[in-house]
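Please read the structure below before turning to the comments.
Order of writing sets the labels: A, B, C, D and E. Residues in every chain begin at 1.
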Amino acid sequence: MNWIAKLAAKAPVPIFIARGPDAPDETDRLHLNPALTIVDTPRAASILLVAGTLPHALKMYLHRLHDQLPHPRATVFWHSSPTEPFSNAVEIAHGDDLASVLLRTRAALLGGERASDADVLPDEPANEWQGVGPHGQGGKGMMGGTPYGRPMAMTDDDIRDGLKLDAYTAEFGPFLPMLPAGMILKLTLQGDIIQDVAVVSPPYEDARKGREIRALLRLLGLPTLANRMLVENAHRDAGFKRLVTLSGVRMAIPPDLGRTHDGSDVRSRFEHLLKDPFSPQKPHLTGLDLGDLLEGREWQEAMLILNSFDNVSLRKICANTRTNADEDSSEQTSGGHENMDHSAHGGH
Amino acid sequence: MMTFALAFAILILVLALGIWFAAVLDGVFSRQLSGHGTVGLLAPFHASAVYLTQQRLRTEAPDQLNWFLSIAGYLSVAATGLAVVPFGPDLAVIGLDTSVVFWGACESLIVVLVFLHGWSPNAPLSLIGAYRYVAIGLPIMLPSMFVLIAVAIPAQSLDLRDIVASQETVWNVIRQPLGLPLFLLLGLSLTLRGPFDYADSDDLAGGTSAEDSGANRAGWQVARLAMLVGFSAVASAAFLGGYLGPVLPGFVWVIIKTLVVMAIVIGLSHLLVRLPVARMLGLIWKILLPISFLDLLWAGLVALA
Amino acid sequence: MTLTAILIVAAALFGIGLFGALSQKSFVMLMMGLEMMLNGTLLAAVGFWAFTLEGAPKGQLLAILVMAVMAVELAIGFALVVAVYRKREADVIEGIGTMKQ
Amino acid sequence: MTVVLAVFLIIGLSFLFTAGLRAGVAVDDKRHATYPQQRPFLGGSDPETHALQRFHIRYYTMTLLFVAFEMEMMFMYPWAVVFVEEGPKALAEMGMFLAILSVGILYGWKEGIFEWE
Amino acid sequence: MGRIGGTGMTDLLFYALSALAIWSGWRVFRVDSMIRATFALMVSFTSVGGIAVLMAADYIGVATVFMMAVEMMVMGLFMVMFMMNPAGLNPMQMVHQYKFSIAAGVLGFVGLATAVLLTNFPDNPLPENRDTLRDLGIELLGGSMLIFETAGVTLLATMVGAVALSSRRGRFGDSDAGAAPPGLHPGGEPAGRKVEKGGGHGGHGGHGGHQMNMEKTKQDSSDDPHKGHGNMSETEA
C-alpha cells in the first residue's frame, strides 16, 4: 500500500446506495455514520451498497449502475443475498456491523488483497457503429447514424416557447438520488423543461418516515438541515425550525407549484410536513396524473413537485399516468422520429 | 524581483492554507448544523486521497480537452484572482492599475469554465447544470461589478492597492454598507455554493461534476476551494481594509480577514435556500440590481459630501 | 514589438476573419467571422493608440467603441437568428435570404 | 510585462498541478473506461441518444439584454476613477447613462424575459 | 521608447501571444465542435488582450478579456442552440465558396500587410507617466460626452430591438403564430414548404451574385428537417 492509499484508508468510505423496497429503516440513518459518506453519483463511490432485495425488474438497472463505479470497487449486499452475477460480492451477515464491514472491504481493495469488481455487462458500445458511413459514424448524413454508439437527439416540438430544438428522451431512475427510490420515469426534455412524462415503474410502496421533508430540503439546497431531520426529535426543536424558516424556504417555493384539485400545492404540503414530518398530507388525487403535474416544468421545480407527495400518493398518481408501453404505441402512429431521419449529406 | 518572489511565496502560502482551512471549516459547519459528522484537521487530506486512488473515468464521446481545460482553468483563474490582492503596500503578485477590471475578467472566465465543465462529459445532468449556471452566473456579475466600482470611487483608482490604501480611516464595509453583502452573493456563485449552486447541485446528483471521478473530481473540488480563497481575499481587500491592521504584518491581516470572509460564505452556503432558477433570475434583475444601483449612488454621494 | 509587427498580426486576424465570414454557411458562424475581423481591428486600434497617438484618450475610446459594436452586432444578430428560426427552422444564411421576398 | 509574465506563470503552475493529479501518484490502476463504465449516469438507466444536442436554453433573450447592458461597464470603470475630480457633473452624466439603459431592463421585464421561456 | 519596453522578454511574450491569437483564430473555422470554435475565438481575443497589456493599454487589454469572455459565452449558447450537431459528433463541413474565401482571406492579409510595410507611420509612442485611465475618464465626461451618451442610446436601442425580435411574447401575440402554414390534411406536414424552397431557389436565380445559390441550396437540405424535401431539392440540383 503506498502512502496515498494509506491516507485514503483513513477517510470515510464513499458509498452509493441502491435501495430495494424492503431496505431497512437504518438506511437513511447511515448519513449520520461518521465512517461513511453517502454520495450522489456512482462516479464518486468506492462501494455499491445494495440495501434490501431488489425486484427482478430492476436487475438490469443495477447491473448498469454497478459498472459505472470507478475501480477499485466492490459490491456489498445488506439485508439481501448476492445474486448472479455478483458472485464476488460481500454479504453482511446477521449481526455484523455495516460500517466496519465496509471499512474492511475498502481497506482490502486499497491494499490489493481484494480484486476490484469486474464489469457485469459486456464491453461493447450501445449500438454497432464503427466504420460505417462517410465519417465512420455508423450511418448516413450529418445527423444520421450512431456516432460513438448512440444516435443523436432529434428535433421535436417545444411546449413552452415553440422553438423546435433537439429533445432528449431517456429513462431516469430508479437509483437517482433526487427521485423517490424505485421510481423510473421516461422523460422527454427540451433543455431543462420536461416535455413529456411516462411512468416506467412507480416508486416503492415503502413508508420511510420523513422522506418527503428531507428530500425537499435537499432539493432546496439545504442538505445539512435535511440531515438534521434524521437526528431524533429534531423536528420538535424550535431552534431548528427557526433555521429552516430563516433560510427563506417559503419564499423559494413558487406559489401554485404542483397544485392539486383540492387546492394544496408544494408550499402548503411543505408547511404541513414541517409541522409534522411523519404524517404527510394526503391530497385529493382523483384524475391527477404526472403529465399535468410535470409537463412544462423546469427540472428543480418538477423534482420539488414529485417529492412533495408521499409514496402512496405518488403510486396513485402514477397509476393514472400513461405508462411507457402506452407511449411506445402512440409513438408509432405519430411518427415523430422517422421525420427526423436525415438522409442529408454532411460531407461533400 | 525580490518583492515579486516574496509576494509569490505569500500567494502560495495563502492558497494552500486557505484551501485546507476552507475544507475543515466546511466540516465544522456541517457538524454544527446537522449534529453529526467528523471534524478533523487532516480530514480534507484523507478525503482527497480517496479520489486519487480511484480510476478516472471518461464518458461516451466526451470533450476530453475541454474537460481538462475547465478544471485546470478554474484553478488558474482562482489563483490569478488571488494574485491581484495586495499582501502589503505594493506587495501584489500582479500589480496592475486596473486590477478591479482584471478581477471582473476572472469572474466572467469562471462562467465559461464552469459551463465547459458541464458540457464536456456529454451527460444530461451535467449539461443541465452547466446551462443553469450560466443563467445565474452571468447576471450575478452585474451587482458585483457595481459594488466594485463603488469601492473604486473613494480610492479614485481601479487598483486594489489604492483601494486598500483608501480605507486607512474607515473600511468600505462601513462606508458602503450595501457593498459587502452583495459581493458575498457573487462569492457563493463563483464557488458554486449554497443558494447559488446551480451547477453542482443535489437535485442534479452533482450537476456538472456528476460524471467526475478520480483525479478529475479531486482537481475540481480543490479548484472550488481555491476559488473560495481567491474570492475571500478580494472581498477582504475591497471591503475589510486588506492588509491594514495594527501590530501584525500586513499579510497576516490579509490571511485573517480572508478566513473571516470564508467562514461567512461557508456559513451562508449552508443556511440559505436555493431558489428555482427562474425565480433566482428574476430576483437578481429585479431586486439585487436596483440595490446595487443604490449602493453606487450612496457611494457617489458619500464621496462628494 | 513594433507597430509594424502588431499591424501584421492584426492583418492576419482580419484575413482569417474574412475567410470565415465568406466561407461559413451558418449565420452564427458568419458572425464569428465578423467578430474575428473586429478582433484584428481592435488590435490595430490599440497599436495606433500606443505607438502613434502619444496615448491620446480618443484612441482608447475607439477601442471601446469597437467592442460596443461587437456587442451590438452580437445582440441584434442573435435576436435575428432566433426570429428567423421561429419562422423557418433554419439557421443558415439562405434562410434569411428568402425572407426578402 | 510583469503582469503577463505572472499570469503565464500562475496558469502554468495550475495546469501542472492538475496534470499532476492526473498522472496519478497513487493509481496503479490506470485502465481505460470500458463501454459500460462510459455510460452517462441516469440512475441505472440507458439513454436513447447523446446528451450533446441543440440544447434549448430558456433564458436566451436575457443573455442578449445582458450583453448589451454589460457594455456600460466599459464606460463606468474610467468614470469611477475621475468621479471625485469631476464631482456632480460625473454623477449627473452617469445617472443619465444608467437611466437610459435601465429603460431597456424595464422593457425586458415587461416582456417577461426573466422568466423561463 | 517610452513605457512600451523593447526588452527581449516583451518581444518573446508578444510573439507567443500573437502566435496563440492567430492559431486559435484559425482553429475557430477548422473545428467540428461549436463550443470549441467559440472558445477558440475567446482564446484569440484573450491573446489580443494580452498584447494590449504589453502595449501598456492595461484597461483596454483587460477589459477585452472581460467583455469577450461574456460575449463568447453568449455566443456559445446560441451556437449550440441553433447549429445542428453542435458537438461535432459527426465530422462536417458547413462551408461554401471555399476556394474563393481562402483567396479573399489571403488577399486581404497580403494587401493589408503590404500597406503596413509600405507606410511610414509617425512615431509618437505613449509617454512614460501618462495616466491613461484618468485621461479616458476625463475624455468621456468632457470632450466625448456626446459619444458616451449616444452609446447609451444605441445600447438601449439594441436591448429593445433584441428583446422585441427574440422574445416570443410580444404585443402582437406569439411571434411564431402563423409561422407554419396549416397542413393539407389535419396533423399533416405544413403545406407550402416545398413551394417555398423551390421558390427561393428559382427566385434567386436571376439575381446577380448568386451563382453559388445552386450549390448552397443543395447543402442547405441537410438543415431541412423534412426528409422528403431534402431529397427533392437534391435531385433538383
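Here is the rule we go by: a residue touches a chain if its C-beta (ideal position, glycine included) is under 8 Å from a C-beta of that chain, and two chains touch if they have at least 3 such contacts.
Not measured: the values here are computed from a predicted model.
A.B. asks: Once the contact rule is applied, which chains count as partners of both subunit A and subunit C?
C.D. replies: D, E
A.B. asks: Let me check something: if the centre of a chain is the mean of its CA atoms, which chain is farthest from subunit A?
C.D. replies: C
A.B. asks: Max contacts between which two chains?
C.D. replies: C-E
A.B. asks: Per-chain Cα mean versus the mean over all protein Cα atoms: which chain has them closest together?
C.D. replies: It is chain D that sits nearest the middle.
A.B. asks: Nearest whole angstrom, what separates the Cα centre of subunit B from the Cα centre of subunit D?
C.D. replies: Averaging C-alpha atoms per chain gives centres 13 Å apart.
A.B. asks: Rounded to a whole Å, what is the gap between the Cα centroids of subunit D and subunit E?
C.D. replies: Here subunit D and subunit E have centroids separated by 18 Å.
A.B. asks: Averaging over Cα atoms per chain, report the distance between subunit A and subunit D in Å.
C.D. replies: Averaging C-alpha atoms per chain gives centres 29 Å apart.
A.B. asks: Between subunit A and subunit B, what distance separates the C-alpha centroids? Give it in angstrom.
C.D. replies: Here subunit A and subunit B have centroids separated by 30 Å.
A.B. asks: If you look at subunit E, which of its residues touch at least two other chains?
C.D. replies: Touching at least two other chains: 10, 54, 58-59, 63, 66-67, 70-71, 74, 77-78, 81-84, 87, 89, 133, 136, 138, 140, 151, 155, 158-159, 162-164, 166, 168, 176, 219, 223-225.
A.B. asks: Send over the residues of subunit B in touch with two or more other chains.
C.D. replies: 49, 52-57, 60-61, 96, 98, 101, 104, 119, 122, 124, 131, 134, 138, 141, 158, 205, 210-211, 214, 277-278
A.B. asks: Residues of subunit D that contact two or more other chains, please.
C.D. replies: Residues 3, 7, 25-26, 29, 31, 35, 37, 39, 41-43, 47, 50-58, 60-61, 63-71, 73-75, 77, 80-83, 85, 90, 105, 108, 116-117 of subunit D touch two or more partner chains.
A.B. asks: Chain pairs that touch, all of them, please.
C.D. replies: Between chains, contact exists in these pairs: A-B, A-C, A-D, A-E, B-D, B-E, C-D, C-E, D-E.
A.B. asks: Inside the complex, what are the residues of subunit E that reach subunit D?
C.D. replies: It comes out as residues 5, 7, 9-10, 13, 17, 50, 53-54, 58-59, 63, 66-67, 70-71, 74, 77-78, 80-84, 86-87, 89, 133-134, 136-138, 140-141, 145, 148-149, 151-153, 155-156, 158-160, 162-164, 166-170.
A.B. asks: Touching subunit E in the complex: which residues of subunit C?
C.D. replies: Touching subunit E from subunit C are residues 1, 3-20, 22-26, 28-29, 31-33, 35-36, 39, 42-43, 46-58, 60-61, 63-65, 67-68, 70-72, 74-76, 78-83, 85-95, 97-98, 101.
A.B. asks: Applying the document's contact rule, which stretches of subunit A touch subunit D when the two form their complex?
C.D. replies: Residues 2-5, 8, 18, 41-43, 58, 60-62, 64-65, 67-68, 70-72, 116, 119-126, 147-155, 158, 160-161, 163, 165-166, 168-177, 179, 184, 190-193, 298.
A.B. asks: Can you check the complex and tell me which residues of subunit E touch subunit C?
C.D. replies: Counting only subunit E, the residues touching subunit C are 4, 6, 10-11, 14, 18, 21-22, 25-26, 28-29, 34, 37-38, 41, 44-45, 48, 51-52, 54-57, 59-61, 63-64, 67-68, 71, 74-75, 78-79, 82-84, 94-98, 100-102, 104-106, 108-109, 112-113, 116-117, 121-127, 130, 132, 135-136, 138-140, 144, 147, 151, 154-155, 158-159, 161-166, 168, 175-176, 179, 196, 199-200, 203-204, 213, 216-217, 219-220, 223-225.
A.B. asks: Would you mind writing out the residues of subunit A in touch with subunit B in their complex?
C.D. replies: Against subunit B, subunit A makes touches at 4-5, 7-8, 10-12, 14, 31-32, 34, 37, 40-41, 43-44, 46, 68, 70-72, 110, 125-126, 147-150, 168, 170, 176-178, 189, 191-192, 218-225, 227-228, 230-231, 234, 243, 246-249, 251-252, 254, 298-301, 303-304.
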